[in-house]
Amino acid sequence: VRAAYRHRVLYGDTDQMGVVYYANYLRFFEGARNEWIREMGIPYRQIEERGLMLPVYEAGLSYLKPARYDDLLEIPVLVTNTRVKIRFEYKVLIANSDSLLAVGHTVHVVVGKDGRPTRAPEWLMNALKGTENG
Amino acid sequence: VRAAYRHRVLYGDTDQMGVVYYANYLRFFEGARNEWIREMGIPYRQIEERGLMLPVYEAGLSYLKPARYDDLLEIPVLVTNTRVKIRFEYKVLIANSDSLLAVGHTVHVVVGKDGRPTRAPEWLMNALKGTENG
Amino acid sequence: VRAAYRHRVLYGDTDQMGVVYYANYLRFFEGARNEWIREMGIPYRQIEERGLMLPVYEAGLSYLKPARYDDLLEIPVLVTNTRVKIRFEYKVLIANSDSLLAVGHTVHVVVGKDGRPTRAPEWLMNALKGTENG
Amino acid sequence: VRAAYRHRVLYGDTDQMGVVYYANYLRFFEGARNEWIREMGIPYRQIEERGLMLPVYEAGLSYLKPARYDDLLEIPVLVTNTRVKIRFEYKVLIANSDSLLAVGHTVHVVVGKDGRPTRAPEWLMNALKGTENG
């Protein structure tokens, strides 16, 4: 079991309703996704250096309870993939609690240097043998 | 037919892939939603002053083609609602073209000063008689 | 006299203090700078296509009065330059008023494709014959 | 000597020049400032609960070398204060290195519940006995 990504909510993450602005959850998802990939042993930076990119194709979010300034968030990730798509599922929790604030997902395609979708090569498939983190 | 909200893509909207960062579409949606509400005759600021808020409950996005720096985007909005939920649907287009870059939606609940869901009052229902904008 | 750049404050620009988050003024400055450059006749996108970039070297801001959600801001720009540096000065006002909310500046260097500082070529110097906008 | 605040650069922090967008350094400064205040023993959230706010009055940044995607940044803070103003100075370094990417400062005023500047009370002065962190 890997440690889940954590983020301490900044003033700059909140809006005047006193809660985290809805777009910023996608930033937190990126942070969690990056760390998940890093712990696979292939930081995303290296995936790009090998000529592949994983642009996002679809995203979805459900906002259950507001996250607030100074909350310490924990974002476990679950990954599933086929040869051509990778799906990340995210939970946003208050750290060390069962308090679930939001859930979401992103779907990514594997794209080559020419910007066209491609099948994931063996090294990426091996790395993505996804197991739950958190 | 109302004029659709427009946004000129900033450097600050892009990421190192050279395209608009995926979270920023939710900002553009907010801009389009604000203008749509303003043109109903009741700016969102006034809805809040009357004691109601419309926090987001759900959001979804499909990224079809990348938006790039300096693109002039146009974001028409379509709204449907019940007494307790308001659904906004968005398209992101290159202005004055048929080039569709992304589609998405947000679902909002009507909440009173106590933070609890409530039924939309008559004045809000009247204002929300949604028709396509753009 | 050119029209000054305008920005309508979004929820996403504010923080839980109910005012615009301090970092976002630098976004507004970028918007104003982009439009100023566009109106020179050479959109920044084209400057980059000709092999030059104008990365920021220094920035400064004074926050005088808070900008709030739904405010319509107006950001006039004043530009001065030498062969190697370009200085933009910004004011942030409530549109159609004398209400001055913030002032700031950014200093940019002219950099070639190799990432090294270079002297501004004649076409850029001509374009930058800066006069006040707003 | 306290541990300095660290931030791993996200895609969402970068722009199409492939480097961290200039406004985002002010977010990093906020993160560093928050942690510095937390380690004083009075999280900023509690300062607000006691009826004081520390809005920013002035900010300045010098950009020396670009920060890039996936860089692990370290942001040590130095604080000085009078009864009415608090000045934070920041460095942005690549973690575990001498590579200095940016320096900056912010100046904050002490403001009461009525939004007016006030003198810092004894408990805040004691807490702010600033020493270098990092």
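A few comments on the model shown:
Order of writing sets the chain letters: A, B, C and D. Residues in each chain are counted from 1.
Assume a contact is a pair of C-beta atoms (placed from the backbone, for glycine too) under 8 Å apart; a residue touches a chain by one contact, two chains touch by 3 or more.
All of these numbers come straight from a predicted model, not from anything done at the bench.
Under the contact definition, subunit B and subunit C share the contacting chains A, D. For chain pairs B-D and C-D, the one joined by more C-beta pairs in contact is C-D. Rounded to whole angstrom units, the spacing between the C-alpha centres of subunit C and subunit D is 24. Centroid to centroid, with C-alpha atoms defining each point, subunit A and subunit D lie 27 Å apart. Remark: subunit B and subunit D have CA centroids separated by 33 Å (rounded to whole angstrom).
Residue numbers of subunit B whose C-beta contacts span two or more other chains: 11-12, 17, 19, 23, 26-27, 30, 69. Subunit C contributes residues 8, 10-12, 26-27, 30-31, 34-35, 43-45, 69-70 to its touches with subunit B in the complex. Those residues of subunit C lying in contact with subunit D across their complex are 17, 19, 22-24, 26-27, 30, 53, 55-63, 66, 106. For subunit B in complex with subunit D, the residues that touch the partner chain are 11-12, 14-19, 21, 23, 68-69.
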